[in-house]
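Report on one structure; see the data block that follows.
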Amino acid sequence: MAFRPLHDRVLVRRIEADQKTAGGIIIPDSAQEKPSEGEIVATGSGAKAEDGTVTPLDVRAGDRVLFGKWSGTEVKLDGEDLLIMKESDIMGIIS
Amino acid sequence: MAFRPLHDRVLVRRIEADQKTAGGIIIPDSAQEKPSEGEIVATGSGAKAEDGTVTPLDVRAGDRVLFGKWSGTEVKLDGEDLLIMKESDIMGIIS
Amino acid sequence: MAFRPLHDRVLVRRIEADQKTAGGIIIPDSAQEKPSEGEIVATGSGAKAEDGTVTPLDVRAGDRVLFGKWSGTEVKLDGEDLLIMKESDIMGIIS
Amino acid sequence: MAFRPLHDRVLVRRIEADQKTAGGIIIPDSAQEKPSEGEIVATGSGAKAEDGTVTPLDVRAGDRVLFGKWSGTEVKLDGEDLLIMKESDIMGIIS
Amino acid sequence: MAFRPLHDRVLVRRIEADQKTAGGIIIPDSAQEKPSEGEIVATGSGAKAEDGTVTPLDVRAGDRVLFGKWSGTEVKLDGEDLLIMKESDIMGIIS
Amino acid sequence: MAFRPLHDRVLVRRIEADQKTAGGIIIPDSAQEKPSEGEIVATGSGAKAEDGTVTPLDVRAGDRVLFGKWSGTEVKLDGEDLLIMKESDIMGIIS
Amino acid sequence: MAFRPLHDRVLVRRIEADQKTAGGIIIPDSAQEKPSEGEIVATGSGAKAEDGTVTPLDVRAGDRVLFGKWSGTEVKLDGEDLLIMKESDIMGIIS
């Protein structure tokens, strides 16, 4: 099942931060802040201006990105928890 | 009776999520989140800019879409419960 | 007495939904939701952009329309209760 | 003393609704809704866009209009109570 | 000392309304509404659009104007209490 | 150390109002309103429109200006307390 | 690991203000206001207008800048605490 985001939306897979401390102790889930790193899974065709012109997005499937901790809407696609957000919620690309 | 949405609105039929758990136990209605998947039934002719130009929509009748859980206005047409929402409430197309 | 709405406004006559249940029992008024169906009585000449260009409306006198339950301003013209609303409050046309 | 409204403003004289019921009984003032009918006394030269272009108004001195019950600012000119409001507060013209 | 308002601002001298009733009784200050009539003392060079074009104002020094009762910022220039407001706070010109 | 404000921002040195009454009595600080007069120390290169065009500012270093009492952000540069504000916070120029 | 901010965002390293008073006494952390000075680490390619045109930023990597005390989102990149903010949060450049 493929999902194609509309316009300036992107589909993001959250990358869980490493859950061990430096000393190897596993931190229980509630003791950590939710990570805000992810991988772009799919992108819309671009932002659509009021006059209909479409501007392609600057992120691409596969990009590793940072996004605001509370950005996006959670969806379940093929049993996997993903996030749909607007490109403007993406703060930058890690390379 | 046909319904033609105005401008950038679309008419959506909600697709009820499968109501059984993996093990086949039927979940009573209040225990589930309302699904946010649907099928486009009809679309408006397009978003109308201030200068009158019309930009056709990117979704089409028959498309399976995801939309925000609380999007749209419920209407009853020919006895069927449907939703009218703006295309901007549609997050993407499932194919 | 004729009323000509200004700009992108329309004059709407509310169509009362049938007030009997399937079994013919009359439902007292407070037990029903107020209907949101109506007929366009008159329309303005069109939306006026900041630069003065006028874009004609997409609804016409006689159209049967759906509109948000709480849309519009009630007016009494020639003793009849009507609604003035903006075309953007009209969700679509029933045909 | 003449008053010339600026830009897209109009000067309106409220027309008091007939204060008798059909049977001729005078209703004390607090028992009625304030009327929202008026007559245009003077109009501004037109709405001014950000680039300076002026779009003439669609109402004219002498027009009988409907306006929102709480629209406008009350002013006293030559001892007469009048209202200054924007043309966008005018819902339509009665003819 | 001269004051030149910036852009679409104007400098206004409030004109105190006549403080006697018809019968000549002086009304103590707190019993009256503050007047909203004034005289334009100086005007800015005009509203500046985002692209830098300047549109001259429609009021001129010396114009007698009406403005909203709570408009403007009070300033003391050469010991005189004046008001700085935007031209959009001016409702019209008395002539 | 030089400070160059970005875009439509200006750097302002507050001019303390004369702290004596006419009769020469020094008013303790808390008994006066904070002055809103200042001198432009530096200006940005101009307001930047969405399309990238830059419109030079209308105030210049050295101008004596009035600004809203609560405008701007206080900064300490080279030990001196200054204010950074937008040109739109400047109400006019004293000359 | 490199981080490339999107559009009009910049990556900023906060510069801690000198933590000693003139007399050389170290001030405990909670007794100081958080500094609002920083150094630009990386910048986006520019602000993107609705029609897709990109306007390069006016700050560059290496610039020492002032920014609002509460601006930006804190991120940890390669173990270092940095801030991502929009160029519009930058008040000016220190040189």
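General observations
Chains here go by letter, A, B, C, D, E, F and G, matching the order in which they are written, and residues are numbered from 1 within each.
Note that a residue touches a chain if its C-beta (ideal position, glycine included) is under 8 Å from a C-beta of that chain, and two chains touch if they have at least 3 such contacts.
Chain-to-protein mapping (UniProt): A, B, C, D, E, F, G = Co-chaperonin GroES.
As the structure is a prediction and not an experimental result, all values here were calculated from the model.
Taking the definition of touch as given, a chain qualifies here only if it contacts chain B (Co-chaperonin GroES) and chain G (Co-chaperonin GroES) alike; those chains are A. Rounded to whole angstrom, the centroid-to-centroid distance between chain C (Co-chaperonin GroES) and chain D (Co-chaperonin GroES), based on C-alpha atoms, equals 24 Å. Chain B (Co-chaperonin GroES) and chain E (Co-chaperonin GroES) have Cα centroids separated by 53 Å. Inter-chain spacing, taken between the CA centroids of chain E (Co-chaperonin GroES) and chain G (Co-chaperonin GroES), is 43 Å. Residue positions of chain E (Co-chaperonin GroES) with contacts to 2 or more other chains are 50-51.
The assembly's chains link up in one ring whose order, counted from chain E (Co-chaperonin GroES) toward chain F (Co-chaperonin GroES), is E, F, G, A, B, C, D. By the touch criterion stated above, chain G (Co-chaperonin GroES) contacts chain F (Co-chaperonin GroES) in their complex at residues 36, 47, 49-51, 53, 55-56, 58-59, 66, 68, 87-88, 90-95.
On chain A (Co-chaperonin GroES), the positions that touch chain B (Co-chaperonin GroES) within their shared complex are 1-7, 9, 11, 42, 44-45, 48, 50-52, 73, 75, 77, 84.
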